[in-house]
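By written order: A, B and C. Residues from 1 in each chain.
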């Protein structure tokens, strides 16, 4: 035995038709039948982070490294955990310091360390994209790095690999991006004006103007005032400005908002206290407790506005952002060092739920990075409040085991119909078909087990499979 | 694809002989063999909430809606989570306001939304009862609602569907109800006096007189004094009154007490402090910290009394009661809006365990709604203190996945013999056979996996299966 | 049905070649193939609690009871949880009070209660040792107790059952013991001087001199000063003394340190504050907050020293030691009453990680007794910081279900290559082959499922299986 981990030879990758189905032949056969009814349904992607400019401009993607490696924090995070510096795979430094610029060199480093992704969803997503989009049937390795690079680079230069062509090839019925209230949505406007039929809508993500800890919060408020013409120095004017931007986002197709807070805490302060709190935080020097309380109050304000304008509300709480100060200082936000922690829902959401939880015209979709909350808090809450629904397994749990645990933890208390189908939540456009396929297969695998164990009739499972893959997401997100 | 979720057609339901067994043929065959040895064992139900009056009076159950829907918070909670108001399924309003009175209309609404229960234990329990008790072999739906209603209503009018007949048909060897110390147990007395052989015993649930936050706590104390003739204005008299009622409950067959506290906190105060605390809370205006401390102290007092009188002590902690204020205000307690939260055991139980944990003549049975405690705290505690045993998967986890996770989390540290068999904990009398059957099948499925993986010999598994289904519960509860 | 639990007859035990593999034939066949490639690899045991004196002196083990029962807190803890007093199985009392001295009587009591271990890893380990080491093919019971005792006792008297012979028979390539900095490592020196080729190394466990709550902390410091000649009354001298002992431990083969703290809290105080803190705690009367802060600071100091001397750092946090005061008072530490509680990592480790988390030449191996941290905190942290690796499933989770949950929770975020192979962490020498075999089988079972579900190619799984069984542990621990 040598101590070498890195395999020299390329490993095959076969996109097996039974992938992700349980091995037991009876269960697998049921899963196959269920999956065959949902495999070709259009993709509805109600929450994600693709760039609207791609579809507005429809330019070719640059090169394999800048498509698959540089922007994907799942990829460079794993490499970094094994000591491979972000600079060496082209992640730009904030100080403009030297980083690898040669995409082929970046690709080689990635390929020769591809074995690190074994057992992770990146292995599934990347192999799926390489195979289905580019026809590659082996895994990246030191040996085949150059050859694979050439195949992908050559393809990307062709018209059928441009964003709009791929959007159509991926059979995407609707795709939501996520923008700040300060975004002018010019790309969405351009898409609309272009006459292209692809449905790309925005979603309203107000963190930059509702979270006092957001970088440049005070300047963001000023910009919000400038854009809307509202007096954002006043609480009332600030709320009006937010309502105004929500209305504008709706004209660009938005059907939802999204809120990424460190906790799920909500508050329902008397107006005068809320106003005083706003006055304390608006200057950008909020005390930590005030910042937390303001975010809490703003969730309730947003719910109030959602009840008025019909936007579906998503809450993504529980991530301690930028845990690694060196990575944050050197490379900036969203570089894979956001670490979850325990997240309370049952107390945290109470003020909001006391006010709006019984509203039947409101939809609040909850996500979690603390899986312990699923069976203990989230399923009981969603199984009790008409306004609440459960989002799919998120982020670290957008994976076969994560999805399996999600259904096992949630279904017995909340059922299937208090869930909302799948979100890919990704900026990795080429992973979207893979991710939806994984979700559909995992749901069919779960349903197949229920059928095999006589806990659901097979004809019911067919209906549920279609609901989970297509109908629920359209209904919940009004898409 | 349409966006319709509600199926118009009735779905079949077959009570498959292999239900809940793993699909793998080897494991399933073992599970079948194990189950065949326990399937027909009598039911011992040591903890539940059926109404002793049913067995005392033996009147027919009213109608399908008032039997299956109106009193079952699993049912109307799920419906409400999807926006179906409790009034429309006949849940009485506290203010006497209008609610649906027509049982057939309630039944139709339930039937046409039965698909919401897919994947939940209610689906199992209800289908089991419809099939085994009433011979129905299709699931309720809009199409068959009236027909099913008629079948069930007609049956309920017949003598063999009265409570005592069903008790016997269900092969119940012993059934415990749960009563307040203020209850005069007249129904239990009536059962005993009637000469009927069915064993229905009470259990002592002192929350109304030991929890200062219980509605009407102070008046409850006064009533306790009146009943017992003790001076409940004094700490000593109060404890004497509780001992007195425990003794009375024992004459009506009680072998256990039950304690439903928001946390598992215990205390072991010096007598003078306990007395002073009692003086602070007895008037019914306890500060929250005093109320919590008093409940904590009373668990230790109850353990002390249990050591004296032999009643087995059950602790059901961790539910935040009445989370939804609108539901609570409109419909009252126990309407499905009790939401669990994180529950500490390792610190919380220490004062009680320091005092009584090593007592070999005391049995304290612990339950949890926070599954994370099973492997981290509860199994290690039960695997170390002679006085502690683990209750079965409870409430939201009285379900196939919940039971599976329970055995997987608990067994490797606490073994099988620090657990106590199954509790149905239900007021839904007709679900009792279904619930015990689910538990037996799930335990056999777990054991079958151990045997198939050569982690237990099959002849051992036969013994364990019988212990889990019958012997352990009788021994732990002294029934 | 009788209420008897204790079976009179002995049950067979067959060490089945497919034990611990999933029952599904396709998956099992893959698991078998993978296992065949790792079954005979040497054992590398980088962390444990065997006694170096065994290998230095190579005396026969005393008798079956003193080998298998008296020192094994898994065994007497389970017996005690069922009311069997530690004295009756020979656990010595601190007060020298009477305990059972007859090994055969102890063995009989154990044997007649062996059924209590069903479903626990002790069942696996003990049966494995009885079978593979002593050729016994039935489980201990009241019936066969004497016969089994005789077989084992007779074998232990033979040369081939002495420690060194078993070490070689077990195919152990390297075995680490754990010693206090105050230990003179005379047994390790004796092993080395003996010319025996078995590799037994020490590991540096400084709790006695870095935890102010450790019994006799102040006296321990004095002893540390005496041994090293350093001025341990000063912070600087104290740190120098620790560095000195680490260097000495390295000469006796140490490649790692180990830290057993009640929490994972770390601190990175300015030198002057650390010095002042040391002055407050060194006298042995530390306030609880100071004691906790000092332990926190010392983890960071230890990381600093590890960066200098290359010792790999292990952190084993989260156990509330000696929960049962009667057991502690009567029998002392480490008697099976250490109970885990919720353990925070994401905040607790931040000071240490801010300082050293990005160091590529440092290895910190994290363990947990709070499984909820695996997917929520530990896998994300290990998937982000180059210095962090995840230790295997520990203590209560060194078991088939525990290992399964560990891989399922960890792999999708941290991959396989941020884990470090298996630790047996045991003082039960004869269980070492069983424990490593269980780990290898469970890892192969997990990998086989990935292959069967087409989530990994089989030739990749072969590489990973060998990495998990052998290569990763050698690399991570520098053995």
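FYI, a contact is a pair of C-beta atoms (placed from the backbone, for glycine too) under 8 Å apart; a residue touches a chain by one contact, two chains touch by 3 or more.
For each chain, UniProt lists the protein as follows: A, B, C = Uronate isomerase.
The model shown is predicted, which means the values in this text are computed figures rather than measured ones.
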{"item": "Turning angle required so that subunit B lies on subunit C, C-alpha fit (0 to 180°, nearest 5)", "value": "120"}
{"item": "Type of subunit A:subunit C copy interface by residue overlap (half), same or different", "value": "different"}
{"item": "Chain centre separation in whole Å, for subunit C relative to subunit A (CA means)", "value": "39"}
{"item": "Sites on subunit A at which at least two other chains make contact", "value": "22, 24, 342, 372"}
{"item": "Complex contact set, residues of subunit B against subunit C", "value": "22, 24, 26-27, 41, 342, 344, 346-347, 350, 353-354, 357-358, 360, 372, 375-377, 379-386, 388, 408-409, 411-418, 449-450, 452-457, 459-460, 463-464, 466-467, 470-472, 474-475"}
{"item": "In the complex with subunit C, residue positions of subunit A that touch it", "value": "1-5, 7, 11-14, 16, 18-25, 77-78, 80-83, 115-121, 123-124, 139, 320, 323-327, 336-342, 369-372, 396-397, 399-402, 405"}
